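In structure tokens below, several structures.
Two complexes follow with chain A in common, the first pairing it with chain B and the second with chain C.
Our next item is the complex of A and B:
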């Protein structure tokens, strides 16, 4: 923190206040963000979360949750509107990995799909609040608007038979004849 | 109070110093090798890795993006003092400034695009008196024209009536293109490498150019060409054979058919969207089943040179197709090149094929196999 030396003469409270108003906020802002590919998640957490989400929505002829950008959705929301869920995620993901290491001696992301399913089923029973949250957010990300990072290329809407964006010609009505169509 | 002032003063100086130092520091960040500097801000992480996963991986951020001192300060303000927007978006002027940067490396594509219809400017599209005296201005225009414009149609053109005369409020856009490179190309893929599927997301259509994607005004994101719909069109009650080339899906978003007019035969019979309705040019007749891009290749969308790629090999009439009576040879021809059928010219029945016409047999070039 650059301003620290200049601030020695101040009381601790004053220093903190100045810091919050000024430069310190900058430094803190940067550290809490992360240097990986995600806003909130670490790369490791992202891999674990992907494994869980992909058991909730696995790939068939349509993409899985993580392929459709659900992680991008959840990550963006944890950085913004869903800040309040951060702890549940942090602990839940940690727990999921522990469980996997205990049973299979490897991280959840490295486990086989069958093993992952076993862990996710265990989470559903043992970590209900975390599991419910992830399931809800996965659904939001998969079926919500693509602008929030999930539902990439509107894939789930196409799965439901909706063309997005639709093919729709421009209005051809001639105003001089009076609006008919 | 005094203490508060002291704190405030320190805060102000701190911010000032940081802004000054930061903006010079930022210059280093922005220009450093292949965006590692930009990646230093986590907001940019996804964009950096997206570029690195693309064919532009060897291109530095600043080859495409401008970052004036103003931009850098703006980024720093958001980075340090605010929550970055959920999705970082370019402003309309950034998009336009960038199109000329694409030119540096893609001179050929740029020149063709510039010479062709898709470089139509804001004044050509939004201040066209023939058009505007017939069709009222609306937000829907932005679906196909000027999709990168920031604002509503009222912020772009006035007056909003059928009388005119019309002028652009944003006069700086008059000579700027309504469909720049970014309309059909996406440089940064959505998401990050981890989130990128190993297999292609789309299950429809053939694999196309990876960057080919339409910028969707409403969602403010690109939709990959391979994910866009190719409509099912009909000629009367007959389903038309539609080419599934993913590239042409992008053409259909703008050169689009329309639902049948109320009172038409098609509407009365519930036939569904008709070939040739609206701005549709889906080929039927001799060229049914071809993709737009089979003839309109290159960014000028000129189809003049395309005939030779298939003719005379695929010809039936033994004539030079370029000289035959279609709109290719003359714009006033009755035979639109997209829709002409054998029977349009051969109204009394299509003649027997050359191969079975003995008199002509000698002029048919003999194949090596036939020579022995």
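Our next item is the complex of A and C:
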């Protein structure tokens, strides 16, 4: 069950550079298998989901959701703790692609960032249960513990200015007494 | 199974203490716990799987699979909820119970908290009542709990407290940055801030070292075992007597009764799923408010067709927890110093005495936050996703202070636990069904408390604030759950007498948060512990069973 699509650890600069390649970045380090590169998602579903996740947490001077491993997080959990959400994902991703094809005559993953934003905004209004689920899972993957495949290299914690690894053992030397009255 | 003097169901805050008190008095004890025995090595620091953030499940039980409950919403529609979902009202299921992974605030209730009806009168539609015991009755046992479990803090800053014979055994931790910011602001407002009491070693105590002040505290097992629960204090003492047999992953099915209506023991499913019987002179139920009520209700027999102790349909009623409200302050300077446990300063100025309000609660700064806690706690009008959300996380993660408090709930007879007629757990037993709500006056109090928290934060320099109030449509009990087996003198209006003994069945005791008549404006753990010491003391004193072991 170890991630099949584990990318090599990238620096922040490389992350951003990889982001320019868009969907292609997903393929970094991927092992091609007959059933695709993911535990649950098909490659097509993964591309669609990446487009949505990267609107929820887009790249700026720090990596986007997919660059930080959020897809690995979601895919793994759809195989484990989030098995019960599989249908919502299947149908939601299909619907997102349909919407994109209807409006822009192309798959969501191939649409421009502005078009992707439009579709994700539409999902937020029209497909609320699916959108809420993806938003929540994206935040979990981006801001949660790296052990689950997201927040790769603890990138979001560094972004927030948190020590990683955390400093340990300093407390016993802190003997200051607080005010008492 | 060899017959024992006492079988204790549940090795949590109360059950651990009862087992220790009975075992040291020479009674033979079987302590049955449905969960596992975790240690400091199981801390795991997993931001998505602990007892506070349960996105990927409860770290310390119960598991999602096979442990459903039914939650009836405000419209009367029942929903099946999983153990890691909010509506489940979970408390951990493991040795130590909630005390393995709690934040460990260790409060004494105030004298008025035991006399709520006398102090305020019962709001119409509520079941507000006085306890049959007073603060003074419990004071020696609060003291016992503070010293045997190990509590740190310093109450000297506040006049709003019950009388106490001596100080806490350990000093407070060095102040964190939030403490330094909030202290002078509280003083300027004429309030009385102080170092809140914690079941946490701040100096070496009881053979274990002090807190190392990490980020993974409330919701986690302590990595350095500095947090004090029943699993690392009283339970090891109970086992060391040689009189106590702790059996984990054992789920009690029902209390067995004889033809005279006395309990003769319990039946339970062991770790392999085999049904066992443990015969005993006394049965002590310490499974927490939801599960203790469920066990009584599931213990049906010819003499107790509606469940044991339920002759007057009282078991499961008056379910309560706390209505948490407060405010978030956003500052133009760093407030975050990455020093746990975070919660450090409290005021009790607003627990009682506000005209027009039947109670109040303590206010304190929140436990240290993890990034995942902040995703929905950003300033109002922050986009919930996209570049604006990401930037707001960067802008505010280190620049907020959250002041919250457990508003004392006004109970109702209709906010209750029953057993579901259809849904069963993996052992085939009817599951907890939660319905009703607390009295709406609770929310009026909560709204006022939130504004008070906001005023404190503004005085401390917050440039924006947002209020967190809310009107939960269903009962909110979870880790602070209480009230379902009310203690009282009248058998028609309560389940146990003032010694926690079931009115109907003199050798069955309910000793845990279930017996709380009202739940104070404080985290209830220390009161659960004090009641456990108090009730055990009475039990041992009155013990005339099959005799003591030599």
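As a working rule, the second predicted complex is superposed on the first by the 131 of 181 C-alpha atoms of A that agree within 3 Å, B and C clash if a C-alpha of one lies under 4 Å from a C-alpha of the other, contacts with A are read in each partner's own complex, and residues count from 1 in each chain.
Assume contacts are C-beta pairs under 8 Å (C-beta built on N, C-alpha and C of every residue); 3 or more make two chains touch, one makes a residue touch a chain.
Keep in mind it's a predicted model, so treat the numbers as computed, not measured.
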{"item": "Which of chain B and chain C A:114 touches, first, second, both or neither", "value": "neither"}
{"item": "Touching partner for A:43 - first (chain B), second (chain C), both, neither", "value": "first"}
{"item": "Touching partner for A:55 - first (chain B), second (chain C), both, neither", "value": "second"}
{"item": "First, second, both or neither for A:145, with chain B first and chain C second", "value": "both"}
{"item": "If touched residues of chain A are counted for chain B and for chain C, the larger one", "value": "B"}
{"item": "Partner chain in contact with A:105 - chain B first, chain C second, else both or neither", "value": "neither"}
{"item": "Chain B versus chain C as contact partner of A:165, first or second or both or neither", "value": "first"}
{"item": "Residues on chain A lying within both footprints (that of chain B and that of chain C)", "value": "62, 80, 145, 147-148, 163, 166-172, 174-176, 180-181"}
{"item": "Residues of chain C defined as touching chain A within the complex", "value": "45-48, 55-57, 64, 154, 156-157, 171-175, 179-180, 183, 194-195, 209-215, 338-339, 344, 371-372, 374-375, 384-387, 389-391, 393-394, 397-398"}
{"item": "For the chain A and chain C complex, residues of the former touching the latter", "value": "55-58, 60, 62, 77, 80-81, 117, 124, 135-136, 138-140, 143-145, 147-148, 156-157, 159-163, 166-172, 174-181"}
{"item": "Interfacial residue positions of chain B with respect to chain A in the complex", "value": "3, 6-8, 10-15, 17-18, 39-43, 45-46, 49, 79-81, 83, 86-87, 133-136, 138, 140-141, 143-144, 162, 190-197, 199, 201-204, 214, 216, 218-221, 223-224, 227-231, 252-253, 256-258, 261-262, 277-280"}
{"item": "Sites on chain A touched by chain B in the complex", "value": "2-3, 6-7, 10, 14, 17-18, 21-26, 29-30, 33-39, 43, 46-47, 50, 59, 61-64, 66-69, 71-72, 76, 79-80, 145-149, 152-155, 158, 163-176, 180-181"}
